[in-house]
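Here the chain labels run A, B and C in written order, and each chain numbers its own residues starting at 1.
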């Protein structure tokens, strides 16, 4: 068989099969020896080296497969996936505010404050790169401690965590005082 | 003249007609309608007990052929321009149209044979493309939110947490809203009505304080009216609501339980309703 | 973008997507106008014309898709299983040809031409993915309008409906002429 014809046949086979194809199977289809098939594959590789080619051959053990060139993935991404735009929902923002002001904080602590499971928000914030794991708390189960990232500081224009005005503790104290006063008045003290 | 053909050989009456025209070597524009009709009917008769749907379609064509045959015997109709109208014209048009599509279906079939030698490929995106996560545009993500926004949210969250479970207040046990005692309210209304068998709703309400009390009294009045103990009358909108006892015996024998059973259930519903928004608030994390 | 780069990107996209890709989507991914994309596709077609190429571009309406070259089927069949294709009976084909040439068309219109109930054929064609509902006709009962699918174009190797072999009207004229000639010859003119 002529080389060009064999190249075309091999290309068609690899294209149609999608998966990897054993060289021995290729040889059978082309009715030639494995050595000749090897030469055909080499010729194809050479052809795909050209700048105007978007595919290449991957060699796997005794098989070959067609695949797209890695450097063209950006184009594939543009057409194949319409990724969701990241968005800070109220739920996610709420979780972020707790982490920002109470860090380092565990998921369980966040959930006590919010009163709801917060897996989703925490995962989302990690994906967005706004929070990170800071280590593990020295407590039963050694839960993960979360805190904000440098990206968080940049995005919210804060120099450091210390710069964050912390209403948390004060507020909690305030609640306690309020409650104690009420209790006292009820008891008639 | 028997026609040695099977029903399956034809797609329908038009197909059969085309076949008859073909084997008789007839000019399609000058169909000898008598011959063709006879042959056609003979064929349909031979179809016998074939599928009723198919047969009926063949029968419709038979009727059409007979109709044309009759028209051929009459003086020809004239069109707007005074030309003779051939009763076969419509059939001829139909036959030609059908013949065209039949021919086209053969042409298509050929195309299909050629096209079937092509292999297509399934979508196979590289893993990196499938798993791609777009870089985050933080300006867009954060938008107009500032540290102050976060702080306000945080305070809101704390306040809500505080409202939900107050760690200190909760030590004093449950603080519950005082429920209206349905039983005593029924007794009150009962006593009032026994003393004032003819009264009006406003007088009855004079001693009631809260909105809840008024509502409960109103419900009791409705129940009394429904059971035929009292009669209520109002002459005009917003006018005086006259209440008169019509069955004093029944009123006297009325037990509190008839009301409180209902009342307790009402109370439970009220509690559930007031709690629901809280439950929603504490629902699962979404969006 | 350079032509060669655009060709490579287009090839990579068409290869990875497998299915047909709208030209407008390609343009977006390549960040160029449809006209330029058209030139890129033409350049690729030219490249695939080469003897050592086993694939080619199929145009389907406003989309394009990669497929193997027809003449290489013999090699492919040795290694790949024959592609499944529905067996179209004469009845079904007849109905399909009416839909292909008269689309959009209602079932009633098909039945007028065929002279028989066509429920079965229409259902079958929908199952095969060769025809689809196109909407409803603005007529009493608002009957469903049928037309062919992209799968129809692929299965019959047609670029677009306009590309269907010998349109009905012409053929109809031809038949008429034939019939007239026959009639004339019979009359001995």
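The definition used in the following text is that a residue touches a chain if its C-beta (ideal position, glycine included) is under 8 Å from a C-beta of that chain, and two chains touch if they have at least 3 such contacts.
Bear in mind the structure is a predicted one, so any value in this text is a computation, not a measurement.
Chemist: From the centre of chain B, which chain's CA centre is farthest?
Modeler: Most distant chain from chain B: A.
Chemist: Which chain wins if you rank chains by how close their C-alpha centre is to the centre of all protein C-alpha atoms?
Modeler: So the chain nearest the centre of the shown protein is B.
Chemist: Please compute the C-alpha centroid of chain A, do the same for chain C, then give the distance between them in whole Å.
Modeler: About 41 Å separates the centre of chain A from that of chain C.
Chemist: In whole angstrom, how far does the Cα centroid of chain B sit from the Cα centroid of chain C?
Modeler: 37
Chemist: Which parts of chain B, given as residue numbers and ranges, touch two or more other chains?
Modeler: Touching at least two other chains: 119-122, 124-126, 129.
Chemist: For chain A, which residues are shared contacts with two or more other chains?
Modeler: In chain A, the residues touching two or more other chains are 12, 15-16, 18, 68, 76, 80.
Chemist: If we count contacts the way the header does, which residues on chain C are in touch with chain A in the complex?
Modeler: Residues 3-5, 7-13, 15-18, 21, 25-26, 28-30, 43, 47, 50-55, 66, 68-69, 72, 75-76, 78-80 of chain C touch chain A in their complex.
Chemist: Once bound in the complex, which stretches of chain C touch chain B?
Modeler: My answer: residues 15-19, 58, 65-71, 73, 76, 80, 83, 85, 88, 90-91, 93-94, 96-98, 100-101, 113-117, 154-158, 164-166, 168, 171-172, 175-176, 179-180, 182-183, 186.
Chemist: Can you name the residues of chain B that touch chain C in the complex?
Modeler: For this pair, the touching residues of chain B are 11-15, 27-30, 53-54, 57, 61, 94, 96-109, 111-112, 114-126, 129.
Chemist: Where on chain B does chain A make contact in their complex?
Modeler: On the chain B side, the touching residues are 119-122, 124-126, 128-130, 132-134, 136-138, 140-143, 145-147, 149-151, 153-162, 164, 166, 168-169, 172, 281-287.
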